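In the two assemblies presented below, chain A is common to both, partnered first by chain B and then by chain C.
And now, the complex of A and B:
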């Protein structure tokens, strides 16, 4: 383990010189509310006279709606409103290019669970009884349930959406090619092509989807919803309800987990609002767990073919990726996912010849969307497994092989990503040093193994999805007579600690205790626009915005101190809740006094900071903007595990997870993100699988959708690598998604070290390992040669 | 999809024909509430008594978000009929989080160690750990992991939860005389 990391300070890092709050382990500012049960989530709100909203769902995968008869439901006592899709046909969707969802199905249903009609009633029993009275006549259509079917050219009525590629049910197709991929494959020292399969996986946040809407006496709509991106919901509501945005207020109470699963605007949010507008009462729609699984947009089920060529210099010569992903019923974030499955393979290793084809199909299944490590996870697995095979076949140490192939810092990738700080080598070195890699790799008894893998992820998207010139993050600060700092932001606190980050940076810049800051990040009425908590953007973008707002506030408060004392403003620093004359530290003005002086003749101090994006960057090729980020995170994991040779059961013992987060603003929170990522990534590697029987979900609950329990989660050692990003706030980059990426391939690579078998299909469960071991035994018995199976 | 009755604006209304009066002892206070015979304890706690600290995660006994103590044992309140909880001592996070004005060592350590991220599972976990620490003064990390294995956390990877329980156990031991035996839980 390198010992110099705390000495390696950024030269312009005034926060370090001030011994401020940056870099300190501080509990999240909402931690005590949460650990005492006092935090309020959306379903904890109790508006008076609130109705229960319920949605009637399609039993068909794909069917025309011939007729809907709601008369009996409408006549039922206790029912206040009934809604069908034709009443709100305006489409919406998270991406401007994929506006393909409606509040309820209009002409046809496209998956089992698709909403057909909805009711608002006095209580749940009445609502459910009313749903049973709604008569829907369907005319079933052919269901599209696998890749091959969706790639077929079909008549218009069989297309799941109007806009598809070449008359098929292909939603999106992208291609990129750089350099001479075929030539490099011809000249390669080592090459391999392999097909990898991944089932869908789910976010499985513990708080079910929940929305309360109230169209009130002032003709204003308030929607409380468990959301990662209140702003996108705000836009979608305005479109569907045909109301101006200023008449709509979205409120995000505490969110019980997101991981990407609460970042789309959802149909039930539209339905709650529409029902409330019909009856003018608050309407609550709370999903049960099965509804969550059907309506959630999980990680895309994928079939990814990857070819890797290693040149005679033992470096990566060419990478050739063909990703086919199942988008399910709706577009969601899918256009982005289609790109990310390829373009994010351009790090952390240098690739000079790169080819990518990405295809996303529509199918008659629940939609797929963004999930932690969006689009990058499955391809990363394939790439890192092939790298491991190459190293093994060439007799190279897989850790050193990765170091030898690492991208340098401050470079450009072949697809013109601008790489700035890059800690990949330090990540590999420190993870290996802590794990004892050199003493373990290839040296442990049969059944026990160690594996390594790297990762690379964006730190926010350089370009926003709405190209209307609004800054990606804006933060307002207000300081009034009481001395408290009020922070207004729409960055969504979803448990990752964004509120804490905002308060921590403000308190650090203003030299006040963190509890002097209070964060109001819940309402679109009071917060300036921030495009929310997804794509690992909040610390970088909202962090820069709040830093700027706080620095402006600092200037004003120091102005007050200068007025009071007669010293020039430039001699003052804010520390210890005082304005202090740095040239004569006896001169100290309490923060509140300096603030009050600054307020004279102008009232409460209000400042604004924003972050609009990095300088223009990227290439001219089609899709060049996809994957562009102001900076990238890097990571390397080492996993040690053991296989029970009798049963095949794998047991991960330890994970050394090194992550280049730029700067750990709050090491406690950064570790927490890494540990959570490891848990989720190991789950996808070892047990998680969203299973279908045709269009039905087979495991829509926490018993059958298997996640790692507390006893199955290994000891995780988070290793924080700090590279001090020049554009990140105090040097910080993302830490919430990238650290998921190496978990899957590190497990597979460790399994190869343990038992000499490669796995190309997720999840790698005990039964698959057991079968592979049996095959290996038979092969060994059947021939004199040592059995390298599968 | 499940049909558990909930969020019922009329529940608690004694005029509802199928309601029965029941007496529940929750956090030391006896409440008389009206609820139908099939009412679930979780619904009564949240929707009638307004104790919303107990969370609804799955409604089918798979996540532990709704755990409460019944006679000292951590139980998923979504699987308990409210009528069956009569005559028993029910404790929710609201009754466990503070000892008088002081935050209970479990809740305090939880916050300090980063045991919560989204926090939705936290009340259920803390309830489970109250039972554990009432029975074992110094559980090992393996033992803690076993005790919480019925609670789902999707954020933390469990590490900081184990840290929190260890720290809380140590502080409770320090606060109590060394010779005092571990309390014998609530199991009868």
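And now, the complex of A and C:
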């Protein structure tokens, strides 16, 4: 069966070698609006009589709320509503198993920045003045600010949430073991155990979080919010507001970046809605950057111990991972993250003996959650650095070593991931060829180096987080008298190009120009459910759904052409805005005429396509579903850099980034995703760090939270590897997250090639490199003196 | 984040500005001068010592000229960096200016503003909410320094890029106030701590920087440490002037920014007359390591910043003496 499916979709097949829009470099359909400033973002909306909502935040890391006195704020002229946590105690959270957030703190605050009360007022000045009038009496509790503290058993009142492991502040613990890890370590040719440290990093999207809510005269709630997943917000609002979902409408306007940071339902979204319901006026909450940092669910700060054993055959024999991750105040996506930190190390190399322990703590700090490369990034760094060490110690070329260890296509991993198409070897080979790897590795002067790393990532989660049998993606298509194709979907356009993908596939299948398609993906009232833009699922899942809807539409339109011409439907193809008889191409019916004929006696044509998930797969072990995906992306990067030996400052010159995206539906968009991933990954590797000063975030601004600027961004060569996935739409797989993974370890491995020093802690800043160089110099001087003494 | 309310005054001449300031001072009203606003306004948004009145100098265009021996205090930093006379006569001023922040901020910021720039510190440059939560520091609303606890001295870091080379060139500052004009050598202007920083009456306005003519044989340069090659303040910066004669040090001038609360002029580090060789370069490094103190209040660990001060001094000496 395996080989059958593989044969079915071959690069030369008609399904792949198309003459339409698939594979064409198409500028994003919203690019003109955005680049000319015409696009409407949530903050551009100004409903009449809109109030400003502001949230009073906790100055304590962990404290009981003894009392809140809001009377003075309520009495203040210009204040329309004041809200406290007790008024909306229903909890919510993105995962059904972690419903631990509330709109505002109910009994206690659990981090500096936690919301305590909120006001809606005529303007920002009044709202801020009103917040100052709210008196909150706190009784401070012990703050839990590091791993060891949170693993301690503590009395109930010191537990950050009710549901924890064994009376500690441990949120989740998972274990998996396959094969004989200890035995392989005993028998290993090479082995090493190392502890890796990662501070938190943030998505740092440009558009701050913003929500406008309006409870209107019809008792309907409309919430406009910068969201990656309007559907989850819809669910959470219904729960917190105790309103039926059909009376709530969530609208997503253009979103200025997400990267995972807008994929949870958030407290301020609940607060805006609650305030609006209280005063029956629209309420707008716009965060400043500092509030974004408090509210955001960034990548988990982590301490990851990894053991790697290489067998006598010079292949990976065993991998032993122990990940301890700091979830901060809330559950968020954390249960998934806890699994991903281990299970996503089962590729792109074959591992037959695998052990994983994952633990996620709660702490009194802003929550951690899903961020681009969710859960896989830090462990990937550790694994790829150790692989590099093994190759170096064993005298093997690190690129060839990776090729020799690569998983084949169409196989199963030890933890029972179903691997289908797999371009890892081609990724390594092409990145190395372009980079001139063989002429550079180990051959450049001291201070200049080249490094390689691989990666693999899910292309959507096989199983949805809500197990209610509803398809993960549904797309509605409507074709009406004007010939326009209207596409309704709730896949969220967050700058990644999902609207373009939907239009492109529809236009391709229907043989019409892309501007004949219009995408409405903004409202839960009109769009069918799609579980949104996260988990690298949209192109794969919504892409399949829209393809099916378009194919059904094609059938109906061709039916119209057949009726008009008397030829059987089978002979028609849709091309060039015509239905064309493929056996006699003189017979051409304009698309609009065929469409109008098909509309006879039934009106506008409407079709539905959906994607529910791949066939059942995966093992029976606990956590087997985590990391299961209908297909996986693969990638390999080569990084070349130079270290300023005076200051230790690293400068990445070039990155060759090869990525197996299955099929580049739109190479322009795929390249942009790869470039963005490289920039973000290098940022975490070189300078980004969410720092704490005890419970305070030390750098909640874009001056001190350092992303790479244009001056540090290297030349990026995106290399598109196409493996034509049989289940992806036209062969496509994800391209928005996987290409981040190799960036970090490739930098560290290049640094080793440059200066002979390994780094096990992110970010690798100039001061750390300089210190390590000093140590190296001293050691060299020491051994030289010793040598001389001999 | 929104600005706190304040009354904005926008004089168009220096006389008008001084008159305004004199009147406000007489009325006992606290005010701030604002040139480019790139430092004052972010601080105001953070509610850092915001005052009720601001005299904005953006409409005063008489102090922007760059002359044969002076630079107007309101000259834009980008204009200074690109000015051909500055580039040929004082190349290190042009270089230091070009290393300040980023193009948009260089187009707003002024020479005077950069010179009199307020100090920076993790405990100071934060929002009101942050500081309320952490406890207010000495420099704004608090009683003790949070960098060096229990100290009643402010240890914030001076972060101007122009001061070191201006110290090396021994410039004079001209101020104008209600009592007329006065000139002060820059080398004796900065003193005290991160709060007082220097002696200047509130209604005095820095109008011009006078650059004395120097021996053409004095070679100068400036090295700046920063986490990224744009936007960043210096977290260590060393400027040096060196003239050698017959293989010995005839004139050595070293100044440092990004360490303590004020820029520091270290003169010749006791190395006048020393032989121009690697050993003296090492001595420059050692002397700087002896003198530089950094605190943990801006990016990079203090030990590293201090070490870079030494490394920069050594490199500058070798480069400028042609021994590199």
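The working rule: the second predicted complex is superposed on the first by the 766 of 790 C-alpha atoms of A that agree within 3 Å, B and C clash if a C-alpha of one lies under 4 Å from a C-alpha of the other, contacts with A are read in each partner's own complex, and residues count from 1 in each chain.
FYI, contacts are C-beta pairs under 8 Å (C-beta built on N, C-alpha and C of every residue); 3 or more make two chains touch, one makes a residue touch a chain.
What you see is a predicted model; the values in this text were computed from it and never measured.
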(request) Figure out whether A:672 sits in contact with chain B (first) or chain C (second), or with both, or with neither. (result) first
(message) Under the stated touch criterion, name the partner, chain B or chain C, that contacts more residues in chain A.
(response) B
(message) So in the superposed three-chain picture, is A:208 touching just chain B, just chain C, both, or none of them (first/second/both/neither)?
(response) first
(request) Give one of first, second, both or neither to describe whether A:288 is in contact with chain B, with chain C, with both, or with none. (result) both
(message) For A:119 in the superposed arrangement: first (chain B), second (chain C), both or neither?
(response) neither
(message) For A:30 in the superposed arrangement: first (chain B), second (chain C), both or neither?
(response) first
(request) Give one of first, second, both or neither to describe whether A:687 is in contact with chain B, with chain C, with both, or with none. (result) second
(message) For A:257, using the defined touch cut-off, is the partner it touches chain B, chain C, both, or neither? Pick first, second, both or neither.
(response) first
(message) Going by the contact rule set out at the top, does A:546 touch chain B (first), chain C (second), both, or neither?
(response) neither
(message) I'd like to know which partner A:766 touches here: chain B for first, chain C for second, both or neither.
(response) second
(message) Under the contact rule defined above, give the chain A residues that sit at the interface with chain B and also at the interface with chain C.
(response) 57, 124-125, 128, 288-290, 703, 709-711
(request) Using the touch definition up top, name the residues of chain C that touch chain A in the complex. (result) 1-2, 5, 102, 122, 126-127, 129-130, 132-134, 225, 227-231, 299-301, 304, 307-308, 311, 315
(request) Using the touch rule from the top, collect the residues of chain B that touch chain A in their complex. (result) 1-11, 46, 50, 52-60, 62-63, 65, 92-94, 97-98, 103, 106-108, 110-123, 126, 142, 144-146, 148-149, 151-162
(message) Going by the contact rule set out above, which residues of chain A touch chain B in the complex?
(response) 27-28, 30-41, 43-44, 46, 49-52, 57, 122-125, 128, 203-208, 254-259, 284, 286, 288-291, 494-497, 668-669, 671-672, 675-680, 701-703, 707, 709-711, 713, 715-716
(request) Would you mind writing out the residues of chain A in touch with chain C in their complex? (result) 57, 59-60, 112, 124-125, 128, 288-290, 646-647, 687, 693, 696, 698-700, 703-704, 706, 708-712, 765-767, 770-771
